[in-house]
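See the structures that follow.
One chain, chain A, appears in both complexes that follow, with chain B as partner in the first and chain C in the second.
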Partner chain A sequence: MYKFAQFTMVRAGMALFTMIFVSFIVFSLMELVPGDCAERYLAFKNTQGSPISIAEIDSERARLGLDRPYVVRWVDWIYNAFQGKFGDSCILRVDISQLLGQKFWLSLGITLAALLLAYSIAIPVGIISATSNNPYLNNSLRLVSYLGLALPNFLLALMIMLFSTMVFGESLTGLFSKEFRDAAWSFDKLMNFLSRAWLPVIILGWSATAFAIQTVRALMSDEIGKLYVTAAAARGVSGSRLLLRYPAKHALTPIINSLGFDMNRIFNELPIIALILTLTEAGSLLIEALARSNDQQLAGAIIFLLTATIVTINFLTDIALALTDPRIRRSIIG
Partner chain B sequence: MSEIKTIDSQKDQKLKEAYFTAGQGQLIWARFKKQKAAMVGAFVLIFLILSGIFAPFLTPYDPTIAGRNDTYLNGAPQIPKFCDENGCSFRPFIYSFERSRSIATNFRWITEINRDERRYVEFFVEGSEYKYFNFNVDLPGDILDFRIPGLTFNTHLFGVDEGMIHIFGTDATGKDIFSRTLHAINTSLAVGTIGVFIAFVLALAIGGLSGYYGGWIDSSLQMLTDAVRTIPGIPLFMAIAAFIPDTWSAEMRFFVISMILGLIGWPTLARRVRTHLLTERNQEYVLAAQLCGASAGHVIRRHLLPSFTSYIIVDLIITFPYMVLSETALSFIGLGLKDPVNSLGVMLQSVTNADVMLNYQWYFIPVVVFIMLVLAFVFVGDGLRDAADPYGDAGK
Partner chain C sequence: MSSLIDVKNLTLQFDTDEGRITAVDDVSFSLKAGQVMGLVGESGSGKSVTAKALMKLNPSNAVYGEKTSISLHLENERIEIMDLKTTTEMKVVRGGAISMIFQEPMASFAPAISIGDHMTEQLQIHTDMSIKKATEFSIEMLSRVGISDASTRFKQFAFELSGGMRQRAMIAMALSTKPKLLIADEPTTALDVTIQAQVIDLMKDLVDDFGMGIIFITHDLGVIAQTADDVAVMYLGRLVEQGTVRDVIRTPAHPYTKGLIAALPRMDDLDAPLEPIPGDIPSPLERPPGCVFNTRCSVAIAGKCTVEIPQFFNVSKSHKVACHLVQQEAQKT
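And then the complex of A and B:
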């Protein structure tokens, strides 16, 4: 138990280090954007007809605390970020946590659903393809997983859009129907959401599934060749009992270990898919923040939240694995 | 009888000898040749790379706005034919057409093909000029600028005697989609090469340090690598790309974007280099070399590096399509390359609107070419990975 507590502490320390390191990168990038919040705000005011002067910019800077040294502002930023306070958006002048709120959870939900979909297909299919000797099955599975790599999600989304506009005359876009977009959450809204959310989930899950099948297959074929499997088979264990109890169990560990990074990959694609399917509720906020308005505060907050999610998942999966496998505990604390 | 046997066994002996004395490259090639899918992939890949390199010659028109056909905007593909109801011709031909639009057609161009008037396809025609070996580097600072005029040609593989030919159709500004597609292959290959090269140098340095020294250097470098892996790449890329000022030239943008791709893409490669080094470092032949008194430098150069160059090459080929695809995705959302530079992403920028989806489906032809390119890379990479694995045969 003591060892486990020690492991948890070390692992939490590493997670914290990662977060601080990433926040430094993100914050530095935000700083690199030409112009700061004060200038942008006053430039906006200027377009409304009130002229601005250098003195005004300076006073706005002082008000926003932008005249303090770089490191101080960074410490201040992460201190607040860890409490979930990201300040106001530069352009929209709205509290960021309010702006993101529900949208972030929706995006996270879609990503997790895609991840779940990917592995619920990949684990059985991967195991079957690693164990079967049927060349047709193997080759067709191989082709599908290659296609998953070669036909990236956004091209698939485009193809589906093309197909649906040609066949149904309607593109399957958006996460909610019009009448539910601003409504409060209710059972009907949930149903409406589910009836539309499957498409982004499938599209996002597509290449993730292809990737996961390859991973599961490679891990399984590695494990199957090992001596303990032969030994178990010699003892008379056979069939699915042999597969699931011995190699599959071992092959699962690295998969759980990399869930956080898988999630990272899926999250990566979300903004692009969101743009194609016009999911204003999800990732396209990021594109909006970056490409359209150069809103560094908002973009920084989104990237920080994404990273925090991935780090948390990595931390949790490591803890879960360490609970079941003492070797993992030893790998870190020696 | 016995004579034949001796010849046979001699042959066998020779084969065996050839097998045991073959270099790693020969062994990989021998194993690679056996894989049909990978061989097909390799041929497709070579074909596509060559058509990318010779794009200016193979395509009839300039892919930029200079080569546009303003009488045939959003025009459908024109497929050359040999025969029709008016008889056959030895020389392939297309038809001439009339375009009109009015309120009756909702101001959409309607093309009427005139089947009686043929336009014959000609080969090796003279057209727009293009250059090879022409380098014009314009970096900030005068010393870094250099110019090589290169060679200028103006022969194109095919064209028509009258008007223009567009075998993949044209886009909204009248640019030839076929010309753009082949030039886009070039761009993608260039982006991939630069990106992979930068990622490779970083990966070799960081993974190499980490794998060769081990210990705390390894632990801290691994922590750094993991931290970089945790940052969501595309959002980060978007953040960086958004800072690129609009005033930069297309070429400058192109270099910066390939560089950023490389800077984001190194962690996976670095991990592989590290794993290779960590396992190879403890192999017996390394110990043997060390016991013979070889210096560290000699061990690295003569034993460690050759032991994993083939793996590294395979890894590079596998990484390549991801770079190409990231570039495509980014250009597609408008954060990557911009117009005068052609890439698949740039060409796809306008396809999400319903008008294109319903009426101009030939915008999607380049997608097929690109799926082929990426698939070919994946097949070759996978085939090479299997071929480079010395224990690959044992498992089968």
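And then the complex of A and C:
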């Protein structure tokens, strides 16, 4: 138990270090974008018709603290970022936490739900298909998997929208009905959200599931063929105990490992789905910030949150791995 | 003393995409309690498949011959292993009355399960010991096979033990349920020579202590000479020669056994050239007709060995061989 606490502490320290390191990279990338927040804002104002002067830029710069040295600004940024304060958006002049608001949590929720859906289907199905000799079961699973892998998400989203518009007369777009869009969170709003959020979750979960089934199946088939399974059977271990305690437990390690990777992939696919289903979520905001308005402050905040999520997921999966696999425990604390 | 296990007409085929492959062909042998039988042959000769058949451990595409019968004689009951259908019924021969140890001790322990958990699990399946009792007993077994600091080792994982220690732990685990028969499938092949000698000594001591029978599978005739009472030589799924170790190693009769012995390096004459058996063991998909060894035999009788399957012929009371040539020569005199 002591060793495990030690492992958790060391791993948490590593996660924190990663976060700081990543924040430095993110901050540096934000800096590398030509121009700074002051110039960009005033340029934006200029396009609205008000002329600007060098003096105005300088005073704006001083106001934003952009005249301080690079490292000082980084430390300041990261110090606030860890408290969830990202300052104002360059262009919109609104507090970023307010701008992002629930959007980030909605994206995270949808991504995690899709991930959960994918693995709660893939793990049992993958195990069954790896242990079964039934050619019909395996071939139909393969077909479903290939469909999942080959059918682009956006096409699926469009097809579902078309179908639901024709059948139900509603396109199922958006995360909330009109009356709830700006309402405060309430039970009704939550129900309304859940009645709509399942669609992006299923669309995103669909290909993730197909992918995960293949992974689980391959890993299980691999483990089942190993000598320790035969040896366990030779000792009289049988039935589901032989399956779950031996190959399934050992296949779990790489499966847990792939969670962080899949999470990232789903998050990347989310903006496309969001665009089609007109969802308001953080991924689309990131694209908006990066590609259109060139709002480095906002983009940095979203990237930081995204990295923090992935680092957290990796931290949690490592803790889970250490619980299941002694070799991982020993690899860090010796 | 009556026999512990009788294997009669064991024939085993595998259904594969390429058709039905014969892995074991009409193999019969018996073993008495307290005896060690060596099962010798090259890789691919069907030794391991034969051993696994005794626990019905072969994969589900295995098809047993109709005449196959394997009977295990316990103190007051007789078990027909071929009649065991469900895995619950098979428990008696899987880790109960029969235990098996494998060639690679590292791979036979699950990497993420501690040595101790493996051991107590087996005890829980086969005995009514409590966890506490099973733990104490397992630690006692570990010390008994010569593992020092057994209570620490008990909590460790296979990757934290040395090769020799792993195989000792495997032996301790295999013997913990006091089996009547121990199947050792190349238990020393993956070990250093010095460790190999230790493990063999340990196994010999334990046979005496526990009074069980051992089937010792190996391709190493040197190991057999040290450990076994009887030896059976297997080639391409058939037994070609059987007898006491003394008879078979001193006066090998079958050309294959002779070849195996000639292929051993000789410590007393290091300059003597090794005489490998020419060629490779044929694929089980292309079993030669007649004597299975005829494709590599330098003394094969044309028109006979390629046509007719040789039957066992008694060279002496404790030594029999399946070879047309030996039989012909014996009949001439």
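Observations, loosely collected:
The rule we apply is simple: the second predicted complex is superposed on the first by the 302 of 334 C-alpha atoms of A that agree within 3 Å, B and C clash if a C-alpha of one lies under 4 Å from a C-alpha of the other, contacts with A are read in each partner's own complex, and residues count from 1 in each chain.
What we mean here is this: a residue touches a chain if its C-beta (ideal position, glycine included) is under 8 Å from a C-beta of that chain, and two chains touch if they have at least 3 such contacts.
None of the values given here were measured: they were computed from a predicted structure.
Of the two partner chains, neither chain B nor chain C is touched by A:A5. In the superposed model, A:L158 makes contact with chain B only, not with chain C. By the touch criterion stated above, A:L275 is placed in contact with chain B alone, chain C being left untouched. Of the two partner chains, neither chain B nor chain C is touched by A:A55.
Contacts of A:D325 after superposition: chain C is touched, whereas chain B is not reached.
Looking at the shared chain after the overlay, A:A234 reaches chain C, while chain B stays out of its contact range. Chain A has more of its residues touched by B than by the other of chain B and chain C. Of the two partner chains placed by the overlay, only chain C lies in contact with A:Y246; chain B stays clear of it. Once chain A of one complex is fitted onto chain A of the other, the partner contacts of A:I302 are limited to chain B, with no touch recorded for chain C.
Counting contacts as defined above, no chain A residue meets chain B in one complex and chain C in the other. Interface residues of chain C facing chain A in the complex, by the touch rule stated above, are 52, 55, 57, 60, 87-88, 90-91, 94-96, 99-100, 102, 104, 107-114, 118, 121-122, 125-126, 157, 159-160, 173. Those residues of chain A that touch chain C in the complex are listed here as 133, 226-228, 230-239, 245-246, 249-250, 253, 324-327, 330.
Chain A makes touch with chain B in their complex at residues 14, 17-18, 21-22, 25-26, 29-30, 32-34, 146-147, 149-152, 154-155, 158-159, 161-162, 165-166, 171, 221, 225, 260-261, 264, 267-269, 271-272, 275-276, 286-287, 290-291, 294, 296, 299, 302-303, 306-307, 310-311, 314. Note for the complex: chain B touches chain A at residues 223-224, 226-227, 229-236, 238-243, 245, 321, 325, 328-329, 332-335, 348, 351-352, 354, 357-358, 361, 364, 367, 371, 374-375, 378-379, 382, 395.
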